[in-house]
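Think of it as A, B, C, D, E and F in the order they're written, each chain with its own count starting at 1.
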Amino acid sequence: MKKIEAIIKPFKLEEVKDALSDLGLEGMTVSEVKGFGRQKGHTEIYRGSEYTVDFLPKIKVEVVIPDDLVEKASAAIVAAARTGKIGDGKVFIYPVDEAIRIRTDETGDKAV
Amino acid sequence: MKKIEAIIKPFKLEEVKDALSDLGLEGMTVSEVKGFGRQKGHTEIYRGSEYTVDFLPKIKVEVVIPDDLVEKASAAIVAAARTGKIGDGKVFIYPVDEAIRIRTDETGDKAV
Amino acid sequence: MKKIEAIIKPFKLEEVKDALSDLGLEGMTVSEVKGFGRQKGHTEIYRGSEYTVDFLPKIKVEVVIPDDLVEKASAAIVAAARTGKIGDGKVFIYPVDEAIRIRTDETGDKAV
Amino acid sequence: MVGVRLVLLLIAVISASLLCTSSVSAQAAAPTPPAATLEQRVTDLEQYFQNASVGGPTGTTWTSKIAGVPGPGDNAWLIVASALVLFMTLPGLGLFYGGLVRQKNVLSVLAQCLSIAGLVIIIWWAVGYSLAFGTSFTADRTHPTLLGSILGGTDYFFLKGITGAPNTDYSYWVSQNIFSMFQLMFAIITPALIVGAVAERMKFSAVLLFVTLWMFIVYLPMAHMVWGITGMMNGVWNATASIKAIDFAGGTVVHMSSGWSALILCMMLGKRLGFGKEHMAPHSMVLCMVGTGMLWVGWYGFNAGSALAADGIAANAFVTTTLAAGVASFVWAMLEYIIRKKPSVLGFCSGAVAGLVVITPACGFVTPNSAVIIGILAGVIPFIFVMKLKGIFGYDDALDTFGVHAVGGTLGALVTGIFASVDANANLATNLKDIVGKTLWLEQLKAIGVTLMLSIVGTIIIASIVKAVIGLRASPEVETEGLDLAEHGEEGYIMDHRS
Amino acid sequence: MVGVRLVLLLIAVISASLLCTSSVSAQAAAPTPPAATLEQRVTDLEQYFQNASVGGPTGTTWTSKIAGVPGPGDNAWLIVASALVLFMTLPGLGLFYGGLVRQKNVLSVLAQCLSIAGLVIIIWWAVGYSLAFGTSFTADRTHPTLLGSILGGTDYFFLKGITGAPNTDYSYWVSQNIFSMFQLMFAIITPALIVGAVAERMKFSAVLLFVTLWMFIVYLPMAHMVWGITGMMNGVWNATASIKAIDFAGGTVVHMSSGWSALILCMMLGKRLGFGKEHMAPHSMVLCMVGTGMLWVGWYGFNAGSALAADGIAANAFVTTTLAAGVASFVWAMLEYIIRKKPSVLGFCSGAVAGLVVITPACGFVTPNSAVIIGILAGVIPFIFVMKLKGIFGYDDALDTFGVHAVGGTLGALVTGIFASVDANANLATNLKDIVGKTLWLEQLKAIGVTLMLSIVGTIIIASIVKAVIGLRASPEVETEGLDLAEHGEEGYIMDHRS
Amino acid sequence: MVGVRLVLLLIAVISASLLCTSSVSAQAAAPTPPAATLEQRVTDLEQYFQNASVGGPTGTTWTSKIAGVPGPGDNAWLIVASALVLFMTLPGLGLFYGGLVRQKNVLSVLAQCLSIAGLVIIIWWAVGYSLAFGTSFTADRTHPTLLGSILGGTDYFFLKGITGAPNTDYSYWVSQNIFSMFQLMFAIITPALIVGAVAERMKFSAVLLFVTLWMFIVYLPMAHMVWGITGMMNGVWNATASIKAIDFAGGTVVHMSSGWSALILCMMLGKRLGFGKEHMAPHSMVLCMVGTGMLWVGWYGFNAGSALAADGIAANAFVTTTLAAGVASFVWAMLEYIIRKKPSVLGFCSGAVAGLVVITPACGFVTPNSAVIIGILAGVIPFIFVMKLKGIFGYDDALDTFGVHAVGGTLGALVTGIFASVDANANLATNLKDIVGKTLWLEQLKAIGVTLMLSIVGTIIIASIVKAVIGLRASPEVETEGLDLAEHGEEGYIMDHRS
């Protein structure tokens, strides 16, 4: 089992979700994060004070999947999340030792 | 060392925390996430516009622990977080290479 | 490739970011988390009701880097995030199988 | 479903209204007094400044050129005061209460305030004003009847005959139509206060049904008894009142009635799930403070408006209201400062509201110095109640409606009897000169007793009916998910990145 | 850049002002009538209570001792009413609309409301009040000219001669300077209403330019035609009006004009990116409800203030406003309750605003019972529009300015013609006694037609100009990032741990 | 602990009050003038419309039938105005400032506003009103004493003798009790303004102690000198004033005093931790804008209320206030638009507040056209100060109390001397006819000098005392954690999933 973790632009979430659903992946966990990278941030000015905001809003999508789906899933995410502009984000793949479904105690591929 | 990551229902957090404390685990990190899975979302209507919200509020609990505690800890979490209804969530176990306590530079099992 | 995940005090974020930039690390992802550990929480009282808040605001910094930078980077984070007081946080290091830059499909060390 | 039934009721009521108003009864013509002389015309004009009657002492000595029209200054004040009292509920109380609940229930509180406003407006228009301030149940004012001393009459059903002309039973210079609206705003906020005790768990439909019944069984009788010209506890204006009590702006009618009813209702409803275990801290003390500011400002309409004129009594009510609120707010927070080292925004807000509640029945009857003492009492007694006694008794009065409004209202009714003085309000010399400063507090105790009885018994009956018919409480699933999503299909805040 | 140009314009306007006001034209002195006798002095004082003229019926029979001064009660009310109407926009409408947009655009709505306030204040001071309420384009009132029946005149440019003395064309007892401010507040909120339809995508500079042109081409003519003493649709006061329509507080001038213009503008602007696909739920129903409460309370200034006196008509307008708002709010939410089981806070709020909109033209002309019927219609008809028809037509009126204000305003203008009655307002017997209750609704239809035409054609022209000159719409990048950051360099909320 | 001491002080003060008021001194009976004739009675009634004296020019020619009672219209307006001015602080200023701080300190700002309200109410009741508006320190008005020209007297301690009757030293037709409340609301907001400069780091107990001392050393003398009938800078009403300055609604008393004191205090306090390095952006521009709207609306009470009558002067003050606020708001944001391409909500809000501040001393003394020029100055000069000069000087005036209130107040005091005209306010012809439009600005400069001196020296002394006794500043830990949790034990928002 692997965990695919994608850092994407917020407005791409729906498309990424749909792309994963199309692969039959029916579970995922998302969270709001801030990203720092090549994409330029913006400047806010409040009266005389100027603040540069380097951290941009991103969405992190986490999905744990059986090994054999990794390639397809990551390709699907990349395709769905791409705009071609700087700041599109990353996909990271991590090893997973085990997964358990809390409701049923099922483990392994059946749990996800 | 392993990381146990549990995605649970928000109102179960206190119980999970207590279950871990009972095992002597005195540290953990939690965050707010949204989960997509089998559990049905809800519909919101604002005047003529209807929105289906598939992402449900969940809590992610992360705890890094020595290898020998993994089984007990994950069992404890599962027991504490279970309601038996769809959407109870998952426990994922990941390998950890190293842990460092920032304050003291301690590493390994002593750091967690 | 490895992922360094640091749980730090919120007001240390700028310093940690700068320390990583000094090493030439130009990307990272941060999120808001709540930490439970040795650091004591606080008590809030609303009229007759007293609530103990054990979960303290922390920032999680995640940075995926090539293997050879791990030591330097984690040392830099530890140095930047340390106040010497309880609650300074942890650094965890995880194995990463793969990284992909969504925009370009680059993989591996070139992606991060 | 209760919604459907209410809509049907509404339609029925409208039809009735159209029938009723078409059959306006001819009023017996009294013989017309002679036209005013020049001197009498000047006297009539002067009476405006004295807030007194035109056309001679009883209005029938001569025919005034300015009879049947309001005084612009007094009317202006009552128009504004009415708006201020509505502001107390929408959005004032909504924010005060809404800030104190958990995020998942904030909209339910707002929906309850809004729905009560709509519902009570309809009731008031159809029958409420008439039952409270009409007089047709009392054929002869010198011979009070039981019915007529408890409820007003049918004479003003569908606001029949309510125009810009003053109703001199209540005010010489204020249009009766604005008077009816001023009183309506009181009728809105009173049941809305109850919401605080039952927040986060009572079913929306149950709130609607409860409030509808409660208006008829508790509020309208209370309003008539205390403020109706033929009411049995209207000591100031009704010479034949059987209980010679006084209540300037609603210690009994508004705060005691809602507060005691709230206690009973929240006990019958049971505690919130997780009460005492889960965190139930206010989700936004900022909103709570904003609501408090609005309540305080709006309360000037409530208290000083109850003078029903922009005269010195109104101005004095403004003074006493300010002093009591400020002192109670400061005292409450300083007690927190002493006891637990942290004076809180909730402390300042709770104290301010407590001060406003306690001064309410007294505001137009006491001197500023008495108001300071009342403010101190208001900062101490509800404080003790909310901080200590509540924990001992263990009921779940979620937002302390009982601790603040019932305790404060009862305290206020009592101290009004003690501090009321003719110096502060000469009207106390009309029907009450023998008891003011003497046994008035005994009359107040009687009024407290009647109010307690009606509120408690009334609420037990109403809540039992509602429980039997549709149930009082939301299901545990609904309560856990939050009433906002489950009952109203909305979220209070959608702050995430995606939207 | 439009900003620069506007500032230059401002400077030009100021300079002109200084020139103009130094050349105050000498007014032709009319022969002075004899000094008032004692009896006449008393009559003058009595007139204050009747909201009528001093110095005899036309003010020229005798020289009144209290001519040229306002009546304190009426003046007090108009001062407060003016403040209340500003409160409707700042922050009322800002919150109502701001709560309904997505978080990333909340400040853009607030900036638009604030900038419209500043812009309209400047326009109003320089020329606006004069063009709406001046009379110099009409040399002889018995012989109306086309220009003079559409616009007022240049006589009050830079508020020349506007002092504390009443302008008896509009009010006997209210200072003209406060009258000019009261009307200003209407001129502020009207264009601000349009913002709701084009929210989340219209460029800030385009809003400024559009509103500037719209004030001249649509608003000022509308205000003069309906309320100017020489206006062609001022049926109540202008005996020579060619369309004998009535509009107490702005059904046509305010709600129809803004609502229909909003429809056209949002159609020309196009839909928001992602409309129909992305979630665009309100980011804060709490703010929306707070805004609704403020709108409701402020609306008393709007409606009851339009009586321009604190008299029985004002008080009646307060009654009808309350009844229509309360009934419509309740009906709207109960319809939701029946249809989809969930009465929503947005439903209560939408209904309340709809009720307020529909009663606006009628409020001072109808009885309370008519107001209840109007309230029911206001709860049903815009409901159907917003919930069903909008989806069918498929334009993106983001916050339902059309569905509520245009539909409601049009409905209101029509029902006013049907329900207006001399019983509710004796002024209807002056110029309209032959048509009230008979063919008045036909005149209302004509006024609706004129308003529709002017709003639609005017908006098409203005929007085309703005589109050609600077463009209407923000770039897709700006729209995606959110207008707050991209156009105003600020964020609505910064709630993260670090700050 | 300071809390305990304050409570003890409170108790002492109450006891004293009860003693004092029981020893009401017998007032020397003046010979009663003859009863009014019919003509004189009519004259008295007419005087109401002229906002002038009854009983003949000095009130002693005849005995008026309406002496000792307020005029309903004026009283209505002052009651409302007082409520509006409180609304400026609670919640207006609280939100304006609270929105501008970081989330972790929002409640501390609200707590400071609330506690100042309570504290000042107590001080005002006990001695404040008397020290500002009493006269017993001046035995003979034709021979001013030093003490009597700086402070009022002990005559109104514990509001002794303050009833519904007007105090004709200040107003012919407004009840003295509501006048005392109107002035109280000014006394509340003034120290609350200081909070903006020291936000996010000053200790709560230090705020309480500082404000208490500051009221006695700075505010009460300022209020008496400028507005007390025997005050040394009351040019309009006190013929023996040594500085013939004018200040309609508080340029010196309110804005300069608080603004300059704020500067000194924030310099003595030091910068916030992380100032210049960490992000300190406003946590909620939405709240800030809501607060601005409330300030603007409430300011009508402040400015137009300062006419102490609902007359043409009040109405003119409404006009000038509106114009200055609107113009300054628009100009400020357009400057941003030109300079950095992004007009911001904070720009509109800052400009509006600056306009309101600058027009404050002038509002009742200048014409509308002057107000427009004043508005432009108010949009430009504080803008330059806040945007550029502040950065150069480098002190940490967290929320720009100095940049807006001190700079604006000083500017306002000066331009008032330049633009004041008898055309706008005939009262300027009484004692000042020789200098208005000529050397009045020199008198204004003197008043500015006195205000500066008192504010700066007073604040240095008071802050030094507070620093020595309890310290000024919260500990670094407290500042880092946030004042809300550390000092008040609460959080502003609890929005997480769990609650």
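A few notes on this one:
Heads up, the rule we're going with is that a residue touches a chain if its C-beta (ideal position, glycine included) is under 8 Å from a C-beta of that chain, and two chains touch if they have at least 3 such contacts.
Nothing here was measured: the structure is a model prediction, and the numbers come from that model.
Path length between subunit E and subunit F in the touching-chain graph (shortest route): 1. Touching subunit B and subunit F together: A, C, D, E. Contact count check for D-E and B-D (C-beta pairs in contact): higher for D-E. In whole angstrom, the spacing between the mean C-alpha positions of subunit B and subunit E is 55. Subunit A and subunit B have Cα centroids lying 18 Å from one another. Averaged C-alpha coordinates put the centre of subunit A at 49 Å from the centre of subunit E.
Counting only residues that touch two or more partner chains, subunit E has 38, 42, 45, 48, 71-74, 76-77, 80, 84, 278-282, 340, 342, 344, 346, 489-491, 493, 495-496, 498. Multi-chain contact residues of subunit C (touching two or more other chains): 11, 14, 31-32, 34, 44-46, 58, 94-95. Subunit E makes touch with subunit A in their complex at residues 274, 277-278, 480-481, 485, 489-491, 496.
In the complex of the two chains, the subunit B residues touching subunit C come out as 3, 17, 26-31, 64, 94-103, 105, 111-112. Within the complex, the subunit B residues that touch subunit E are 44-49, 51, 53.
Listed in rising order, the residues of subunit A touching subunit E in the complex are 11, 14, 34, 42-46. Chain contact summary for the complex, subunit C toward subunit B: residues 2, 6-8, 31-38, 54-55, 58, 60, 74, 77-78, 81-95.
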